[in-house]
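There's a structure below that I have some questions on.
Labels run A, B, C, D and E following the written order; every chain starts at residue 1.
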């Protein structure tokens, strides 16, 4: 059977043609069997060229099209769309990567790169000789979204999706919503407090009937796929019946003998094992921290609503798409990193922010009034020796904004900032300016020579080689040292692992492409929003969460989704049911069929993900993966190997 | 008014006065274009050389020469001995 | 000239066809709603389409912009008006806006033009090319730039001598000097403002000599130098065509500078300068590149790593703002600065200086709303009354904002904000 | 290791400056200054020392005197931190450090003390006049005597010791051991600088300001010379008489222009005026104009009946000589000249020892 | 034959669409050069490689075959590494039977950002293959 194949070789504005002799490639493949059209182009992806391709396909009656250009991760879909517009099936298109894997990878060897490119294109031609039009597998998609994490990003996404008429399940691991935003008082870039923001969001959430909030809940199992993720969610009970008597509850808290560090205040204070939401948190309820409860029964004596017979529930939810907004952890400094946990008056910025919230007229830490405050920046980020090479983005502004508030709230405060270059980008520069004008002193160290926090007698000193003062060694005696800690990925990544979400070099969840697909992940149907993706401030988190909502909505808005028809297929003539493929399949997509005396395997196409794990295990070589058949692969190998 | 396709410039000419500067600019460009192309008729030259020959500032030579390259009249050749300036040659 | 009147109805009006406007239009259209995209320039794609490569991934700007741009161009739900200006937008009750859009004549029938460039070849005129920031000439009949969308010729009537050469050679007879301005009365349910930003004009800082010293260029000019569709055949000094080998970047030109009235940080200049420095190290392996900075704002995902990569490649970073620039006879430039880390005044000689110009607000959208109901922030960007929870909302209900119209932003942030604006616009349309 | 000390910044604010803490250390001010050199870079480092409180480094530095306040650093400061104004403040602060009596700092910082001191001097003059029964000839004679004694006394008791202190801080404490010949060499240029302030010419400013200053200095010194040594008020020589009219007119016209500029505040240098600045120009103006009038009254023969005029003149003169010259802005003129001289010695010394 | 041919062994890499192929792309993006005769065929998952494909590659003249496996990042199943390992073991058995050096088949997990690791692997593999050739 002979085919009519068209090949386009992209110069990519020099990205390819500077290293690969594009015309030579064209010359080498022009005479290949079945190739009826070969063209080079400056930018294959440019609109004009796309139009030209459409015309070419129709005028030359092409069966298949190959574009040799950048990585298929960038433009496979672009050109598939071109072929579809020209009346072909998208599987009659192949994208050969001669940029990332040829011209860029071998720009040190131009003739070698050209040779390599020729082979790659020839292999593509070999593969396309066997290309057949394929129909996508259509699946029904549920108009429901599971939003994981009820911090500001998750709550905002839930509202946006509910406003677009989706069913929303908002799943929060803690007993209260609001995430870290609930812990902050004044917020930069805003006149509002964290409490206001969270309260506003929570009350808006309640207005939507199509939002269900699960607190104390965690996804423990994920089955299914885009269109229908089947999630098992474990919901921890509060061990208190609904609507308890407020007085009794108050008493119950009073009598509870267990005191544990209050994580809401970053362990600056203690709370009981039975505790209420903080004023900044919602929903307004009381819960028993069952992990720390000793079951002494004191609370039960004073409060009728205490109910230890409540059981944790496992519920099953079906969602068409999942939106991750699982947030960040504040970095915990290592033992003795800038004196942390060794020197008593060294605390982190989040702790400091809570301290300010807790101190009214005077700033008191451990019984002493604080006047001179040293802020040490970039703790846990831009580490010269540690793993975190990234800049945490929000911390400079957060620290400066906090220092301004401290000055405004208390008398006789002097702030000293030990920085590595202040990064108050954009309009946030205004805060830096304000703080300078208030008389705050900024010092700066080299990236490789960090300030040192140490103790001399009962004094806590910070010393720095200040590049702003001709690299003099300057020293400050501080009443309190605040470590401006970074954002790090959540320590508990179990949920992300359930969904097999990839992580970047910085260990945050990774998007497909920062600019082209900034909120999507390689796992179909899963979007990411907010600080689980990287450090961001609140406004930026919300931007990304709205963006992710728009994307999530587009997955499910039509009620139907098309999946790639790349699935395994079994030649039943060769098969004699040995169980090997059934064992190998991770998705239970293979079933046994008995036909008279013969048994053989069949593939369930809507479950098969096309991973191919069943392929090599078959002792009879009876399984092939569509578009990756033996013939296709082996003929590609032939072309790649040919001298 | 019925206007013939392919002749519509005549229609606008009647309604619209072409500014003097526009005409001047065209004249000037045509003159410089000719001068540069003439200078490059027989041998390749650098921008510095063209500038000296035509008493044009080097900056202006860059601008006009690059326009001529853009429209395919001139081509860039090799670098000079000092690896500082390119030589330019006329095409056609 | 006369103005013809026309009418049309869409679900959404997107003002500005830069990357934010495109992204927003695409999101809305993909959910089944109709969009009118109005762009005042001859091509959509904004400033991004003119960039070389983009940080921190170093993808080429064109590779990312063009597929988006061409997807929009083909989208059945999107109508694009290029060379057009929104004149006025008025509110006609909830979910009802009336906009008046002026479509300037291109003097070319868009549908018929094949982009063959024969007219361009025939045109005798040569004027500075605005898309190459004046570094090279273009014709009066021209295609704006290679990857423009639509890739269709236009006549620059202000510089046209009406010689008729273009019309004589046009194979499809698509040049039409009888075209006139059209005013469209457009009814929409929601409006997205994606009017972008202006670059700081360094002529406002005479001590840097931009304009009079020809080897002092702006970062946008350097961006063009490095793009595949560059004005020169390689990176050359505009002053004399010499290959540069000591290139300096002057950061914070027009940003973080109260003396020119712009106290805020432009958020992108550090990173684009570092990116250009990396590209220059590739393009001119012998060249030294020095970046003079106050603070390096490498704050985004992968940015700090990108900055450190530049240090590793040998880019010089010197902390110190350039005070003044003087020109030597050979066109080289003397940069005067204090090397802050040693506390000493220094003078350095460079042969090409790039001014990393900052971001200023585009206040065009102020005039759309004749009743002045669109509020500005202290820096004259569009105000976000609820910047934390509804960052896309403006002071007018139903009018949303995307991208740099609210402040300086890099491309990923612009795209996210466009996503947010489209999410808000979609729910606003759904509720109507 | 040096301790960071925020108290200095607070103290400096009492000497007049504000907002220098807005500095974000870009170094633009140093780079735009036309007087700064690689070896003598300022003003950013002075702002920095002030911010972190390196008091001693400022005390031993001559840099504040090397600045002639053209205002470019403030005009182009991206943070509006007014580095030029800080340099001015540091000059006041240094004056108070050099002054062994401590009065200088007191007068700079406190308006109350200023008023008190000025009233005290005025009262002294009036008491003296009353003591002499308001006899014009007697008072004029005493006045003339006072002029000579005051000049010699102020020099001997205050200015000279202060210069020695300045020398001690900036040369000895800075650890410079320069041989005597290095002190001798720049003496010539010291006088040239003192009288011409020619360094201003390299300032990025118009030449007119230098010219104004120049003729003011010449006018002021000539007036001093004419009144004290040629005894202008009692001379009969027509030439001296006319010269006196001329120079006193020059003084009050130029100072009038200075006052006018300070009121208009268009130039960077005249934007901020501290009491000491006002006192300096106003008293100089008053001195010029009253001297002019006194002589005019003598020539018109009406001074006898207007003895108050001479008393006013004498009060102004006494305040000038006893307060402004030893403790006020006048000293800047002296210290600046010596700073140039010391700087030359330091440079020569480092070149000398460097070889 | 030029010099580069002598240094460069022919290597076939089986990469995976979502994990290791992006890493190889990034190696190019970062200009981390690796031997020029490395060719890649991307498949959905490394545990889908058939022994016959590998053997076919040797037959046709490839010096080495490298499986850039998903490792624990595999989007399909955690058993991927183990399964890919089994394929390698099985194929190496076949190679021994045919008197081939089993070290001509290598496998290593290449995560989606492990560009440098990939390049190191290619360089050392190339060195090994060129030496033994």
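Here is the rule we use: a contact is a pair of C-beta atoms (placed from the backbone, for glycine too) under 8 Å apart; a residue touches a chain by one contact, two chains touch by 3 or more.
What you see is a predicted model, and the numbers here were worked out from it, not measured in a lab.
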| item | value |
| --- | --- |
| Those chains which touch chain D and also touch chain A | C |
| Neighbouring chains shared between chain B and chain C, ordered by label | none |
| Contact pairs, highest-scoring chain pair | A-C |
| Farthest chain relative to chain B (centres taken as mean CA coordinates) | D |
| Middle chain, criterion being Cα centroid separation | C |
| From chain C, the most remote chain by mean C-alpha position | D |
| Chain A-chain B separation of Cα centroids, rounded to whole Å | 54 |
| Distance from the mean Cα position of chain E to that of chain C, given in whole angstrom | 44 |
| Rounded Å distance, chain B centre to chain D centre (Cα mean) | 63 |
| Rounded Å distance, chain B centre to chain E centre (Cα mean) | 55 |
| Residues of chain E whose C-beta touches two or more other chains | 29 |
| Junction residues of chain A, two or more chains touched | 422, 433, 468-470, 504-505 |
| Residue numbers on chain D that touch chain C, as the complex places them | 24-33, 36-39, 41, 44-45, 48, 75-80 |
| Residues of chain B that touch chain C when the two form their complex | 3, 5-13, 15-16, 18-19, 22-23, 25-26, 29-30, 33, 46-48, 51, 58-59, 61-67, 69-71, 76, 79, 83-86 |
| In the complex, chain D residues that touch chain A | 1-4, 6, 9, 19, 21-25, 45, 48-49, 51-52, 54, 79 |
| Residues on chain C engaged by chain A in the complex (per definition of touch) | 27, 30-32, 54, 56-57, 59-60, 62-64, 66-71, 73-74, 115, 146-147, 149-151, 227-229, 256, 263-267, 295-305, 308, 319, 340-343, 377-379, 387-392, 407-409, 411-413, 415-420, 422-424, 426-427, 430-431 |
| Chain A residues touching chain C - in the complex, by the definition given at the top | 12-15, 42-43, 45-48, 50, 70, 74-75, 78, 81, 85, 152, 156, 160, 163-165, 187, 189-190, 192, 197, 200-201, 381-382, 389-391, 393, 421-430, 433, 446, 467-471, 504-506, 508, 513-516, 518-519, 533-535, 538-540, 542-544, 546-551, 553-554, 557 |
